[in-house]
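Here you go, one structure.
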Amino acid sequence: MQTVMTVEEIREFLRVEFPQINALGEAFSVEEVSDGQAVMRLRVGKMHLRPGGTVSGPAMMTLADLAAYTAILAHVGPVALAVTTNLNINFLKKPAEGDLLATCSLLKLGKRLAVVECGIRSVGEDDLCAHATATYSLPPR
Amino acid sequence: MQTVMTVEEIREFLRVEFPQINALGEAFSVEEVSDGQAVMRLRVGKMHLRPGGTVSGPAMMTLADLAAYTAILAHVGPVALAVTTNLNINFLKKPAEGDLLATCSLLKLGKRLAVVECGIRSVGEDDLCAHATATYSLPPR
Amino acid sequence: MQTVMTVEEIREFLRVEFPQINALGEAFSVEEVSDGQAVMRLRVGKMHLRPGGTVSGPAMMTLADLAAYTAILAHVGPVALAVTTNLNINFLKKPAEGDLLATCSLLKLGKRLAVVECGIRSVGEDDLCAHATATYSLPPR
Amino acid sequence: MQTVMTVEEIREFLRVEFPQINALGEAFSVEEVSDGQAVMRLRVGKMHLRPGGTVSGPAMMTLADLAAYTAILAHVGPVALAVTTNLNINFLKKPAEGDLLATCSLLKLGKRLAVVECGIRSVGEDDLCAHATATYSLPPR
């Protein structure tokens, strides 16, 4: 599975099409795309925290969904509009303080459905904080 | 399964313990709790929208998680700290413009795990926009 | 959502098209279909049991998948071939000895995807033993 | 995460404790265990097939559950009794004719919960036929 967009092209696309994502500052940013994969960073800010300073579940779900969407975008191009149909996430351990990285792999890129796996880690750590799989419905191409 | 907190008590608890939830305005509010159930409203604002005016997936995931947490809180009380371990959501149709209601039912309230089902609808509509199930780990009580 | 097949027609269809299901005896049988719903019974036999006499997880997963498939069949008719794309199941409590009933509701019956919710109970009990949601890809109709 | 049982010990344990699994022939067999991982083979027989000769969804769900259970067993030992609490599976493509291999990785091995990821492939193929994540409740150790 080969990428058809660069990191810069994806950033520009998200900036134009999904201005709400980063309405409150550049929280989510694409870091890397390669064959079958994409990496997104969440710059953790106050709005993503729960009491005790841990990143909230919804912030990690948002990261997983956006990172998985980006992985598809990178391989399908900016025309197609993928819609999330299912997302399943397991929360595995409390993230450390600091930014999170979501590493996504395309499990399937079919005509109608794409399925993506996503592991979320604190920057610099090996252990997963959360693991998600998400399915997207693809428009006819 | 009987409730041990009123709507007012839950609102106060969330206000104190989770100020981040509504940092940007009173978006999420508990509407109703009854035996085995809870209803939460999302007052949809600009930050919850995607292009075309539809409510974003992450906004619905946040609503599902918070509403399910509230359903547990209402039956376990403010002492216990429940932690989401799994959330699975199916997106079924685009929400209409306007607020969303999440209606939650406790499927299980065990010693260690609680499982909640959550249906999300546009206010005044019968059809589901999304349907989630979520599992929470409960501390020893 | 109206049914287009009767219980008898569905039984005959499954008998002809899926002989493997009941290769070892009439374990799975459609009990009831009505608008948006279907009920299937698992006649629990030795092959469905785990040590201690409890019904195995895989037997409940098979029941959930088959019951959900049947709910779709009842509303789409015998021509269409639905394929499971996702199944999520929560196991809530050990079933009592004896048969299980799976009660399914169509959450969505779209052009391309159908989503079904399924509750599994021991016959005569109120509490759920398991709760599943499943998604099926539908062929063009 | 280090293994505490060998392949032979696991086979013997399953033979004694779960005779039903292979009541109809040696369909499921542990192939390999290593740190954090386990591989199980399904010797596909008639009972696992659907019309057209493809392996049924329930056969793959059974394989995923059993393989994930085995991965935990290998790291926790034969005393502990793990119980499946959640299983989520995405079906990605029709398996080729022939046996299936399930490759499992422990995502988390906590005090109370273990989470396992499982990829299912036809023997000799790279592409996934199915991908599952499963959660198990662990007894006090």
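In order of appearance the chains are A, B, C and D, and numbering begins at 1 in each one.
In this text, a contact is a pair of C-beta atoms (placed from the backbone, for glycine too) under 8 Å apart; a residue touches a chain by one contact, two chains touch by 3 or more.
Labels paired with UniProt names: A, B, C, D = PaaI family thioesterase.
All figures in this text were calculated on a predicted structure; none of them were measured in a lab.
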With contacts defined as at the top, give the pair, A-C or A-D, that has more of them. A-D
Using C-alpha centres only, name the chain that sits farthest from subunit D. B
Per the C-alpha centroid definition, the whole-Å distance linking subunit A and subunit C comes out as 34
Would you kindly tell me how far, in whole Å, the mean C-alpha position of subunit B lies from that of subunit A? 23
If you average the Cα atoms of subunit A and of subunit D to get two centres, how far apart are those centres in Å? 28
Two or more other chains in contact with one residue: find those residues in subunit D. 85-86, 88, 90, 135
Per the touch rule, the subunit A residues reaching subunit B in their complex are 17-18, 20, 23-24, 46-47, 49-51, 56-58, 61-62, 65-66, 83-91
Could you list, by residue number, the parts of subunit D that touch subunit B in their complex? 85-86, 88, 112-113, 135, 137
Of subunit D, residues touching subunit A in the complex: 88, 90, 92-93, 107-108, 115, 117, 128, 131, 133, 135
